[in-house]
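Several structures are given next for inspection.
Both complexes below contain subunit A, partnered by subunit B and then by subunit C.
Now for the complex of A and B:
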C-alpha cells in the first residue's frame, strides 16, 4: 500500500513537472499574445502595464510557482524569493498576489480586467479566460 | 527580546497568509524580514561592529545583537498609481530606538509606467546594497562587505527621489536622483554619549539591468549641518586654554565638521546567472580634513541547488595624515586631558583594513536561509576606526570573525 502511494505520488510529481503552463488573462483584455519577456517584466515587477495600457494585476498560483518561474527565468524559486526580498524591502514594487488554488486564479482573472495568472494548460476554460502565452 | 517577539511573528504570519483576491483599492499587506545570528571573534580586546551605527561590539564572548534584526513593513495600495510604505527595524542602532529605526515611511506615485516619485522617509541609496543592507535574505553574505559598508552609518533621509526608466537594448536603464535631510545618531565609542549628525544630502545614480547583469554608477553628497564636536571645540576655544595652551587652539580647523562636505563616488557590477555569481564595487569618498577614503570588494560564488558557496575580499584605506598635537607647556591634568581628547579626535579616525571571507548560504526552507561565514581581518597600523579598541595598550592587528545565523522573510 505504502509503495502504491509512493508510486502514485511520484507519477503525480513527474506529471506536474512536465505540465504545460498557460499564462491567462481576462476575456476583456484585448492585448495580443505576450512574449516570454513581457510576461517576465510583469511578474518580476519591472513593468506595471499590460501591452494594451491597462494596469497589470499579476497573480501567483502557489502550486505551480516554482515551475512557472523556472520556465520563465531559468532560476530556482529560492533565487526568485531573494530577488523579491530586495525589491519589496527597498520599497520599489509589490510582488504578485499569491493564490492557493487554481479555481481562485481562474475566478480572479475572469473578474479583473488587468489580471494575469498562470494555470495548468489542461485546466484552461476558454469561456472564462484567454491564453496569452504557453510555457513548455 | 527575540523570544518575546516570536508570538508577534506568528501573528504576523497568520495575517500575511490571508490574501485579498481582487484588485479593489485601497488594499494593504504586512510583510517582514529578519535575521537571528550569533557572531564572535577570537580577540579579547578588539570589538567587532557590523557598522558604525551600532552600540554593542562583540569579542570572544559571542553576541546576537551584531547581525540580528527584525523588520516589519506595511504596504498600502491606495490606487493603481499611489502606494504607501512604512518599514521599521528592531536592531542595535544608537540614539532613539523608534525614530532611528524607522527606515521607510513614504508615498510612491507612479506618474507613468517608467516614472516614479517617492516622498517621505527613504533609504539612502549610494551603493549597490545600501537601501536593503538589513535584508540578509536578499544577499548571500552574512552582512554587507565590512570594508565598504561599515563606515556608511547613514541609512535613511527625509526627502524625495525620482526614478526614470528607459528600455535600452535587452535591459532597463534607470536614473534616480534624490535629495533631502538626514538626522543620524551615533554613539561615541569612548564616552558612550549619543552624538547627533545632521546632513543635507543629494545624489544621483544610473543603473543598467540586463538579464544576469547589474551595472551601477553613483554620486552622492552629504553636507554637514551640525557640529558633533561642539563641546570639544568650545573647550579648545576657551580663553584660558587659549592663553596657556595656544597650540591647541590653532588646531580647531582640524576638529570641526560643520559645513564640511562628504562626496561619495562609486561604481558597481553584479552578476548572477543562476549558477555563478559575482559582485564588485569600488568607491572613493572625499571626506573632511583630507581624510579621503578608498574602498573596494570582490565576491565570487557558486550556487549548487539550494547551497551557495562564496568568497569575499575587501579593502579600505583612508589617506589622512597624522597631526602632531603638542604637549601643553603647563602639564596640568585638565590640559593633558584636552591634549589626549584632541589627539584621538584628529588621529584616531584611521581605517586600514583588508579581509578575506568564506561562507555558505543554504536555502533549507521556503523563505528561510541558513548562513555561516568566516572572515579574517588584517588591520593596519592605527587603522581600527571601525572597531572597538581597548582604552589602553595594544590590540591585535589581525582577527577572525565567525558568524552563524538564519535569515527569513514573511
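Now for the complex of A and C:
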C-alpha cells in the first residue's frame, strides 16, 4: 500500500518536472505577458482578441493538448472536446486549429502576428517565438 | 309580554352544529388557501431551481462562449415549462439576453385584484465559468409564472378545503346523530310526556332503557318519585278535605238543627253570629225582618237585663261557664217563656275575646219547679202556707225591715173533732176549707194565713201591732166569722168555734218559735175559760175574752 502511494507521488513529481508548457507568440506581438485566464479565454473561444488588439489565432499541438488543457482549465480533455462539440453545433465559433508537430507550431507562430500556441518549454527558441506564459 | 316561541331542542342542536360547521369550514378554507398558495410558491421555487440545475452547465457555457443561439435555445426550452414566466441571461461582459412568455392580460388583471400577488419573486442563479477557477461570469434570472402558481395553489386549496369540509361534515353528522339518539330524543320524550301529564293525574314517565346509568335516567327516576309523591300528597289532601267537609257538614247540621240557640257575642254583648234555632227560641216570627246580626244586644231580649249584663261580665272575668235562667221579654198577654242561658268566654285565633252562648227553652221545667215549690209550701187542702215557709217569710220580713211590726194569731178550731166524728173526714175537710176562706177574708192581702196542721191555723199581720192597728177588732172579727154556721153539704150545717191567742213582736230576739209558744199559752188561756174567744199574751196575767 505504502509502495503504491510512493510510486504515485514519484510519478506525479516526474510528470511535473517534465511537463512545463510554454505559451508562445509571434515576436512581433508586443503584448506583455498574458494571464492564465486571458490564455484560457482565447483557447476556449470566449475571446478573439489579444491584449494588443490583434485578432487571435490559437493553435493546438496534439501531443501536448490533453496536458495543456488540463493545466489551463483543470478539466479533462474529453470535457473540452464535448464543449467544442456543442459550440461547433451551434455554428457560432470554431475550436483552435490542431497541428501535428511541434516544429509546425513554432513555424506557424513565427509567421503569424496573432498566432498563439504552446510547446514544451525545453524546445523554446527565443529567436523565433516569445513566451507569454509558462504552465507548470 | 312577548311570548317566546317554542323551539325544539333537536332543532337548536342542529342549528348550533350547522353554524359551527360553517364557521369551521370558512376558517379551514381561508387557512388552506393561504397555506396552499404559500406552499405552491415554494414548490414553484424548488421546481425552478431544479430546472436551473438542469440547464446551469449549458447556460454557463453559452454565456462563456457568448453564444446567443445556445442561450436562445435554452430560453425557449425553459419557457416551455408552465412555471416559467420569463428568462434573462446576464453577463458581466456585455452579454444580455431576455425572453418573456406572451402576456396574459386578463390573468394579470385578475391577479392584480386578488389578495395574493405571486409577482416579483425573481429567482437568480449565479453562473460560473465552466473552466478554470470558480469565477462568476453572469447570471440566469427566471420569473415564476403567476398563472401556474395561482392555478396550482387554487387547485390544492380547493381540494384540501373539500377534504376538510367533508371531514367536518361527517364529524358533525356523527355528533348530531349521537346527541340525537343518546340525549335529545330521550330528553324530548321525557319533556313531552311530562308536558302531557295533567295535574292530579296518576301517570309516570317511561324509563329510558339506554340512559339508565346516566343523569337522564336519574332525572326520570327522580321525576317519577316526585310525581308519585305529589300524587300521594294530592290524594291525602283530597281524603282529608272530604273528611273535613263531612265533619263540617255534620257540625253544620248540628249547629242548625239543634234545639238550642247558639250564638257568638263580642265583649259588649252584641250579637256576631247565631244559628237558625236562636230565632225561634227568641220567639221572633219566622217572617220578621229582624236580623240577628250586629248591633243587636242579647240583653234586649230579656226582662232581666241587668242580671244578664252581670252574667256576661262574670263570664268575662272568671273565664268559666256561667249559667242562669232568664225570662223572655214579650207582650204581657202571652205565657211566660223561660230560657236557660249558658255563656263562656272564648279567645279566637286572632286574640280577640268573644263570648259564646247557648240558649234553650226551660219554660216547662221552670213551671214545673214553681209548681213543686208551691206544693211544698202550701197545704194541699186549703191552699194556705205551711208552717215552714211561714216561718221563712217571717224571718225574711224581720231581716228586711228596719222597724218590724208584726202580730201573730194562733188559732185552734173548737168542735172540729165532733164534726169529724159525726160527719166524717170529708165534712172535716170541708170545715177546714171554709175556715181557711173566712180567715183570708178577715185579713189584708198582704198578711199571711197559714195552716200549721190539723185544725190549727196561724196568721201573721204584717206591719201591724197594737200601736197602729185595731188588733183586737180583727181578732173579734175572726172569732165571729168562724162562729157562723158552715154548710158542709146540701143538707148539713155545722157550727164550730175558734180559740185565738195573740202576741205581738215587741223586741229583737223574739223568735218565731217563741212567738208561737206565747200565742199558744194565750190560746190555752181561752180554752181554759170556755173557748170561742181570744186572749192577748202577757207574761203574768192573761185575760181571755170569750165571745158567745
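Convention: the second predicted complex is superposed on the first by the 118 of 136 C-alpha atoms of A that agree within 3 Å, B and C clash if a C-alpha of one lies under 4 Å from a C-alpha of the other, contacts with A are read in each partner's own complex, and residues count from 1 in each chain.
The criterion applied here is as follows: a contact is a pair of C-beta atoms (placed from the backbone, for glycine too) under 8 Å apart; a residue touches a chain by one contact, two chains touch by 3 or more.
If you're wondering where the values come from, they're calculated on a predicted model, not measured in any experiment.
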When subunit B and subunit C are modelled together on subunit A, clash or fit: clash
Please determine whether it is subunit B or subunit C that touches the greater number of subunit A residues. B
By the touch definition at the top of the document, which applies to A:85: first (subunit B), second (subunit C), both, or neither? first
Of the partners subunit B and subunit C, which touch A:127 in the superposed model: first, second, both, neither? neither
Tell me which partner A:136 touches in the superposition: subunit B (first), subunit C (second), both or neither. neither
Taking the superposition as given, does A:32 touch the first partner, subunit B, the second, subunit C, both, or neither? neither
Classify the contacts of A:114 with the two partner chains as first (subunit B alone), second (subunit C alone), both, or neither. first
One more residue to check, A:72. First (subunit B), second (subunit C), both or neither? second
Looking at subunit B, which part out of 147-155, 201-209, 327-335 or 363-371 clashes with subunit C after superposition? 201-209
Common interface residues of subunit A - those touching subunit B in one complex and subunit C in the other: 46, 73-75, 83, 86, 90-91
Which subunit B residues qualify as touching subunit A in the complex? 19-23, 29, 31, 33, 71, 73, 75, 77, 80-81, 83, 85, 87, 104, 106, 108, 110, 113, 118, 122-123, 125, 131-132, 134-135, 137-139, 172, 272, 274, 303, 305-306, 363, 366-367, 369, 409
Which bits of subunit A are touching subunit B when the two form their complex? 46-49, 55, 57, 73-79, 81-83, 85-86, 88-91, 94, 97-99, 104, 107-108, 111-112, 114-115
Name, in rising order, each residue of subunit C that touches subunit A in their complex. 58, 61, 64-70, 73, 130-132, 135
Could you list, by residue number, the parts of subunit A that touch subunit C in their complex? 36-37, 40, 44-46, 72-75, 83, 86-87, 90-93
